[in-house]
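Next come the structures, one after another.
In the two complexes below, chain A is the common chain; its partner is chain B in one and chain C in the other.
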Partner chain A sequence: MNLTRRDVMALGAGGAALAMLPLPAAAADQAALDAAIKKFTGGAATKDGGVKLTAPEIAENGNTVPIEVEAEGATEILVLAPNNPLPSAFTVSFGPLSGASSASTRIRLAGTQDLTAIAKMKDGSFAMAKRTVKVTIGGCGG
Partner chain B sequence: MKNIVPRVKVPATVKAGEVFTVKTLINHPMVSGFGKDKKTGKTIPREIINHFSCDFEGQNVIAMEMDPAISANPYIEFQAKVDKSGTMTFTWKDDDGSVYTKTAPVKVG
Partner chain C sequence: MISRRDFLQAGVAASAIWGASGVGNWSRLAAQQKLSQDQLLDFDKTGNVTLIHITDIHGQLMPIYFREPQINLGVGADRGLPPHVTGADFLKLFNMKPGTPEAYALTYLDFAALAKTYGKMGGMAHAATVIKAIRADRPDALLLDGGDTWHGSYTVLKTEGQDMVNVMNALKPDAMTSHWEFTLGKDRVNEIVKSLAFPFLGANIFDSEWEEPAYPPYKMFDRGGSKIAVIGQAFPYLPIANPKWLFPGLSFGIRQDRMQAMVDEVKEKGADLVVLLSHNGFDVDRKMAAQVKGIDVILTGHTHDALPEPVMVGKTMLIASGSNGKFVTRLDLDVQDKQIKGFRHKLIPIFSDVIAPDPEVAALIEKQRAPYTKDLSEVLAHTGGTLYRRGNFNGTWDDLICNALIDQREADIAMSPGFRWGPSLIPGDAITREDLYNNTAMTYPQAYRSEMTGTQLKSIMEAVADNLFNPDPYYQQGGDMVRMGGMSYAIDVSQTAGKRISKMTLLKDGKAIEADKSYTVAGWASVNEGTKGPAIWDVVEDWFKQNPEVNLAPNKTVHVTGT
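And now, the complex of A and B:
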């Protein structure tokens, strides 16, 4: 088979198109994440600090990763796992008999990612914390 | 019928206004809805506990909206404080409509 210059160019364009494919997928994830954040904050700005997100640096098993969130004076905390099939992990709200605005649980992580916690404070402001967790074996099935 | 047993750990006696730790565990597979059956290739439908709440004598302590990212056999630990003796009520809501409840007495002394 003789390759003409035109063929090579067409192949190259095809290859470039293939390479482009993962991009829209990543953009969709970002959109889902932004939507989850917006649903919680209503579009309000978040500031850093004021939230403590405790998670292991390296999680061997993504099926059960112990995490703890704590935010003094928070009424609600949203925890996001941006690289999971569904970015939102859980939302916890504190009632009048809550002793401290903190909660611990175990979550699934599909892969290495920046866990994000957003706290809604009593005064209506929002605070955010991030923490990278390396995951050796992903959870979430598949 | 699934055999779902909720378990809670609450101190038997506390001081009024003292902050104490409550631990809860419920056995549930928490099927995420993202997994596939290896033989048929079909997606296994989601079935998780989607809501948890803890109340004390009609007042809320904590409520939690849960997404499929919560691990199987959900474990939740949190802090509470009470001023008088009473009953703590724990409620888990399943996707299939079931509601699991558990109560624990708390004595202030």
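And now, the complex of A and C:
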């Protein structure tokens, strides 16, 4: 298993007094996102299902969010954080000797966004999954 | 035998067919002037298993008033469903009449007047009488504590939770789960947990470094010839809604896959009945009941809802037992062939003037309070109106706190967190130090004062609003909206994140809040480490010296749409 992880720079969080207040994430750069997806898929269509993306609904710490991707029969999985300054979070490749096509790591998120995982299958098809991860301040628990 | 297809999906009207539920016939009893302890405890024992549920006591050892919310909006799939039904709609839904004991206990209607008629509720010595009576009827009943127990009073603060631990130990719970407990600090929690004779459960509490379970996820019990699995679920968003520096190295979260794995595991171990002792909050539990297969009963907590009947989600029964010691739920189940064949449910109201306190527990409570009697009883002011906290947008206790913050800290705007704990007072009541602490006691009470731009203020308000009104309950945190003093605003709860708040206006000059302008903001209970300022109770005590007679103007500063 060859895990490459790109360090993602996030904008500094605004230090409001109530809590660490993330800056409102800039809208995803759709062109950059599309380009990153196209580079990975070569323009092929993606289908829903077949890849599982696990992440907390609300991040406990936006600077280090645990995530896990799993896609049986995948040779490669790309994880995108569309609202990060650099949307490609990491790509993980699975060789013939990989026990299972799954990987877990921690990534930094610049704000609330829909994490996206795209798996490249052995047959050359692509599967996609999305998961909203909220990066927020405390809601004053009951 | 009644088959499962007879479960009513509508949720609240399950009683007629295969079980019995509700608050009994308090109305008739009250009309006959016969509301008595025996009648409150009256219960036709059913089946082979009894669960006793109490939750969100928030340190309230003594009887209190607690006004239920007037505004408690549900969004998305939860819109208009219990517990998001209040006041007259609540009475209509559950076929109750205004002015009755149940109307007093379960709604805000005529609260001050009915409080004078029916008196205070709760008190752990009174709850003890009920619990002991249930155990006399069913000796192997399980007593399950949903958490938020070691928090919320002067004596909890001074004893670091020991007063509640001692009193709860006398009641002999079989398991508990948690939330505010962790604000005592992780070391203190672990010290207490070591001393407990029962498990402190949390299937969703993990070591954040290694992602390994930090506390036991469940416990199996043999009761009434059945194997009962009790799975615990702590409040999922502790490190976000409360200061994570108080419990470093712990991670929580909803962890739905983990919950399914635990349910599957206890079933493999032969569980006949799967009970989730939850601090998720009602709407999160409603979603979890639909998503996780195989939970029979969810004992809900965190959002402080009191419902006189179970809510059914498919085959899962959701129980809501209120807060602050006002209620104890008794749930009798007929468990056969790994199924619930019948039930009887009663949300038992703890009317403290009707139910005699248990002498042993009353003496124990007295012992916990004795060293602090003088401090607790000191009268700081009097109130001309009802002081309460619950409600999505504001409550008079927080109006008072915001006024104190603005005056004492010379601020333009004040913010008070949307907590759901804190008992009420009725017009004419003395406000004692105990009452003040009941609404403020915590381990991070610093009242900060800082400069914020209009943009920052809006960001905070939008973030908190999304924690309350995100249409997906898994993205909610179960608190109410941050209370804003010195400012009015409009909120459209049907909008998406970042688009709900508008018309922010500074009350002092009637001018619109400007995005780039800086405002002086005072608040308290920041989750940030190192927050500076006096404790909120000291700020309010100083304010009482100038305001010994509290008469608050009605709060009309929040304009709500999209409901």
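Basically, the second predicted complex is superposed on the first by the 108 of 142 C-alpha atoms of A that agree within 3 Å, B and C clash if a C-alpha of one lies under 4 Å from a C-alpha of the other, contacts with A are read in each partner's own complex, and residues count from 1 in each chain.
The criterion applied here is as follows: a residue touches a chain if its C-beta (ideal position, glycine included) is under 8 Å from a C-beta of that chain, and two chains touch if they have at least 3 such contacts.
Since we're looking at a predicted model, the values are computed, not measured.
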item	value
Touching partner for A:P85 - first (chain B), second (chain C), both, neither	first
Touching partner for A:T105 - first (chain B), second (chain C), both, neither	first
More chain A residues in contact - chain B or chain C	B
Touching partner for A:S93 - first (chain B), second (chain C), both, neither	first
Which superposed partner A:E60 touches (first chain B, second chain C, both, neither)	second
Footprint overlap on chain A, comparing chain B with chain C	139-142
In the complex with chain B, residue positions of chain A that touch it	63-65, 81, 84-86, 88-100, 102-109, 139-142
Footprint of chain C on chain A - complex, ascending	14, 16-21, 24, 54, 56-58, 60-61, 66, 112, 132, 134, 136-142
Chain B residues touching chain A - in the complex, by the definition given at the top	19-20, 32, 34-36, 44, 55-56, 59-72, 74-82
Touching residues on chain C, where the partner in the complex is chain A	56, 148, 179-180, 208, 211, 235, 237-242, 244, 251-254, 257, 281, 302-304, 415, 417-421, 448, 450, 452, 456, 459-460, 463-464, 466-468, 470, 472, 474-480, 482, 497-498, 521, 523, 525-528, 531
